[in-house]
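For reference, the structures are reproduced in the following blocks.
Each of the next two complexes has chain A plus one more chain, namely chain B in the first and chain C in the second.
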Partner chain A sequence: MNTTRRGLLVAVAGGAVASGCATIPLVRAGAYQAKGAAFSVMLARPWSDMTTTVPQPRGVRVLTLHGLQLNQLYLAGIAPGGSLMRVADRDTPRPTYRTDMSEQELVEFVIDSLATMNFQDPQSTGLRPQNLAGAPGVRFEINTRLETGLNFSGTALVARSGDNLHLLMFLAPSEYYYGAFVQEVDAMFASATPA
Partner chain B sequence: MRVLAASLLALAIATSAAAQEVTPAPEVSQEAVAQASDVAPQSIATTPEVAAIEPQLAQPTVRPPPSRARPAIDSDEGGLWGMSDRAEIEARNSGQLERDPALNAYLYEVACRVADDVCGDIRLYVMNRPYFNASMAPNGYMEVWSGLLLRAEDEAQLAFVLGHEIEHYRQQHSLAMMRTVRARAGAAAVFSIIAAGAGVGIVGDIVYLGTLASVFGFSRENESEADQIGYDHAVAAGYDPHAGHTLWSNLVAETQVSDNPDTRRRETRASIFRTHPLSADRVEALEERAANASGGETNRERYRAAIRPFLDPWLRADLRRRDYGQTAALLDRLAAHGEDLGVVEYYRGEINRLRRGDGDRERAFQHYTTAITYPDAPAAAWRELGDFAARDGRNAEAVTLLTTYLERAPDAGDRAFVEARIGQLGGGQ
Partner chain C sequence: MLKKVFALAAALALVGTLGVAEARPRRAQHIESISANSRVLVMTPDVQLSLLTAAGLPEPREDWSVSGRDNLATGLAAALEREQHAPNALDPATAMEGRIGQIIRLHDAVGGAILSNRLLKLPTIERDHEWTLGDGVQELATTYQADYALFTVARGSYASGARAAAAIVGLVAGVYIPMGGQQVFASLVDLRTGEIVWFGFVTAGGNDMREGDGANALIAELLRDAPL
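Up next is the complex of A and B:
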């Protein structure tokens, strides 16, 4: 490597550091256990882990295939008192998980969290019993919109494991992106096993 | 960056004077639907830029001519209109836009009644946002938020707020604000950069805050002016002269019972930054003005009829803010005339269910129980009572209540889940 080339690499690296670039880890296809979650799922393809780019609360990880505007996969293990999203300051109220929530309240916790994330008028449909990694839970679909008016669809599975709440949730624009990946996501949900 | 943020913030404040909560930069949607049947037929007054991409939305078929021509594009005012056009286009496509024709028609009618000579300029958009706010941009696009509509008790209070916003528009406060910000921000920006370069970030913060304070001080005068002249227009249109100070008093009271310390501190913070006149000052000034006035319409029942179809979704959105103190105060005002008590009692129950403080479970049960005695109770009240019964081991009663829930909400999104639960409770046998 000649001096000029080395200098160029140093300059690029230095520029990246100076501009505060964060790396986006790649999650390989195969078994994946999200940090904080006591379950693992089988990923059919590699995903990008956006958790460091868009800071999340403890126990919540967000993956994407093509960018968060096009698909979001949440994998979470939320402790009592924890929440699904981070808010600006400690005084701002946010939905929090409680161990005494009913199944419908678990769904409400997810839906209200989406509303707090500025998804518009999120609604749950198709609630039905489904296991998550062997634990009895609730599966449901989500209809909502971005503030810009883009329709989003989603599917989620929540279940209690001990005192914690386990969650899998996939969100994507209703047009094309949701339908293109929902079968793969469905298989992923079904693949969840205790870690 | 900070100075830019200050400029944008100041512009937002200039055009959203009535804001009592989080108020993003002005946006508006083109949804003015009303039929001003007593005015001369005219083409719809929208800007060419906005009309060029206008989707098929309901619009007034007749309306008065616009009161002002579009400014030259190379003027600062033309630039402000261009910004407003872009905001309006975003609002028009927003997922928060409420498109109900009847509601839009009604609000446009009220706005026109107080707008008088600028009625033809208004393009009104209702936005589903659970905060108290309205705004009118320099190009005539007006936003009214659902949180405001929930909190106004009658048409006169709504008319007062709209008159206030229209007065900002009529007096071109946004333009004056922009010129002030531009003049002050330049010097502040230079000093801020110098301070940051010297490694004394806190000094930059102080400059930034100082810039905000000077800008917001200017806004304070605009706010008082808009209050007073807005009052004159509302009263001249035949509305109750006490509507303005009653509305502000209600908002002050609601702020004081907020669960959020940040919201309760808002008045103190406002006095520091002078973003708005203290609400108490504004209440006092309007009260004084109305002291010897009498008469005027409130049109309370008409107003309530217009917003009634939206009470359930708007209250749900309000509850999602998790500010139970404010929502409880709002529900008390909604119940003041003994109307919509099924919905009101259900949401009182919801507050207690979600809050889970001492005695809340018992109170939630009582509110749900009361709610189902009224014909307008949401079906979910039966589901909640069914859940209470199931948790308490009253399985047969739980089955009856959950079955009633499904009968009243045949398209319930949780039908399969509730049916499964009924089966578990022995109701499927």
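Up next is the complex of A and C:
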């Protein structure tokens, strides 16, 4: 999602809120199972659920603490043919999940999805095995930046569960915001259990 | 860059149009005035102004942006001196490399989050939430020998003559045609902690920042509740 699109979505959503048509749900601390995902995680603190405000593809939830500009937590259960990012127009190529993807291709699926959101030159590093809710998966770090030049860091964990892809991903500005929350996010990833 | 400008302009305009933000700037109640003789790094205001054409399209006007920027920069420095502080100007364009550049960019993101939160009240943001840039700001403090940094962002448009004429015709016909508007936000950052100790937002109204007097009046309104 590029800056303009995000700004407009925020503006539109803001109008809805101002006119009393929408509220942002609070996700309480504790066990949380995202709709569409067959796993749950332990949240150490409450999060704001932006999924209905900034619509996401089926099976993808986006939470934030202080606003999408400062932290984004994705929890997803993606069916074959599904995507991680929603694109507003039909012309933009949309990375889709296939059941025959290798682990490397799953990482590329995430990275390509970030590029579709207009994150600049996203890169994955530190690929390593890690279970997600008992299923073998791949953990990796992400380095990218916004169009403004603000560096973003991220960490993600993907694993197949049956035909679906399960994903946990956290993104935040590299300056202060990523480091301030990554340990908590680490523990959250490790807490994932089958629902 | 243009996308960023229009996105921020849209958000600022919406905050102003919806009246979600108070007409007067707001600051946390617990904030006390900063110490006398504080060294304040005044970031050159980030100003993007445009001409609103008859069709309602914003046409960027570099000359207006430069006038607004320079008038606001001069006025802010004078306002700080009147409050017995020591302003020191920094053009962010000269400091966008390395960590300092990241902190300047992070301020834009945090400012955007603060504005967004006035529209979309996040349930995770408490009323007394302390917005921060983190302690990386100490690099600004040591590099520029400053105690605080003052960031200012302005976006807006002015209606063209044709647009104004269309608005009059529209008025007769009972159709509302927006005439543009300008919004300004500013934040004061404690360079020891990174905390944003004050955040102010105003719509320009009749104060034209392209003129010195208008910019000074706008600054007076913007800083009315600043802890200076």
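Quick note on the criterion: the second predicted complex is superposed on the first by the 172 of 195 C-alpha atoms of A that agree within 3 Å, B and C clash if a C-alpha of one lies under 4 Å from a C-alpha of the other, contacts with A are read in each partner's own complex, and residues count from 1 in each chain.
To be clear about the criterion, a residue touches a chain if its C-beta (ideal position, glycine included) is under 8 Å from a C-beta of that chain, and two chains touch if they have at least 3 such contacts.
It should be emphasised that the depicted structure is a prediction, and the values quoted were computed from it without experimental measurement.
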Q) On chain A, which partner's contacts cover more residues, chain B's or chain C's? A) C
Q.
Looking at A:Glu147, would you say it contacts chain B, chain C, both, or neither? Reply first, second, both or neither.
A. both
Q: With the two complexes superposed on chain A, say which partner A:Val182 touches: chain B (first), chain C (second), both, or neither.
A: neither
(Q) Looking at A:Trp47, would you say it contacts chain B, chain C, both, or neither? Reply first, second, both or neither. (A) second
Q.
Between chain B and chain C, whom does A:Ser102 touch in the aligned arrangement: first, second, both, or neither?
A. first
Q: Look at A:Ala79 in the shared chain and tell me whether it touches chain B only, chain C only, both, or neither; answer first, second, both or neither.
A: neither
Q) Which partner does A:Thr92 reach: the first (chain B), the second (chain C), both, or neither? A) first
Q) Touching A:Arg128 in the superposition: chain B (first), chain C (second), both, neither? A) first
Q) Both chain B and chain C contact which residues of chain A? A) 146-150
Q. Hey, which residues of chain A end up touching chain C in the complex?
A. 2-4, 6-8, 10-11, 13-15, 17-18, 24-26, 45-48, 53, 64-70, 146-151, 173-177, 180
Q. If you look only at chain A, which of its residues touch chain B in the complex?
A. 89, 91-95, 98, 100, 102-104, 107, 112, 115-116, 120-121, 123-129, 138, 140, 145-150
Q | Contacting residues of chain C [partner chain A, same complex] | A | 1, 3-4, 6-8, 10-11, 14-15, 18, 20, 96, 99, 101-103, 105-106, 108-110, 112-113, 116-117, 119-125, 129, 131-136, 194
Q) Hey, which residues of chain B end up touching chain A in the complex? A) 90, 93-97, 128, 259-262, 313, 317, 320-323, 356, 383, 387, 391, 413-417, 420
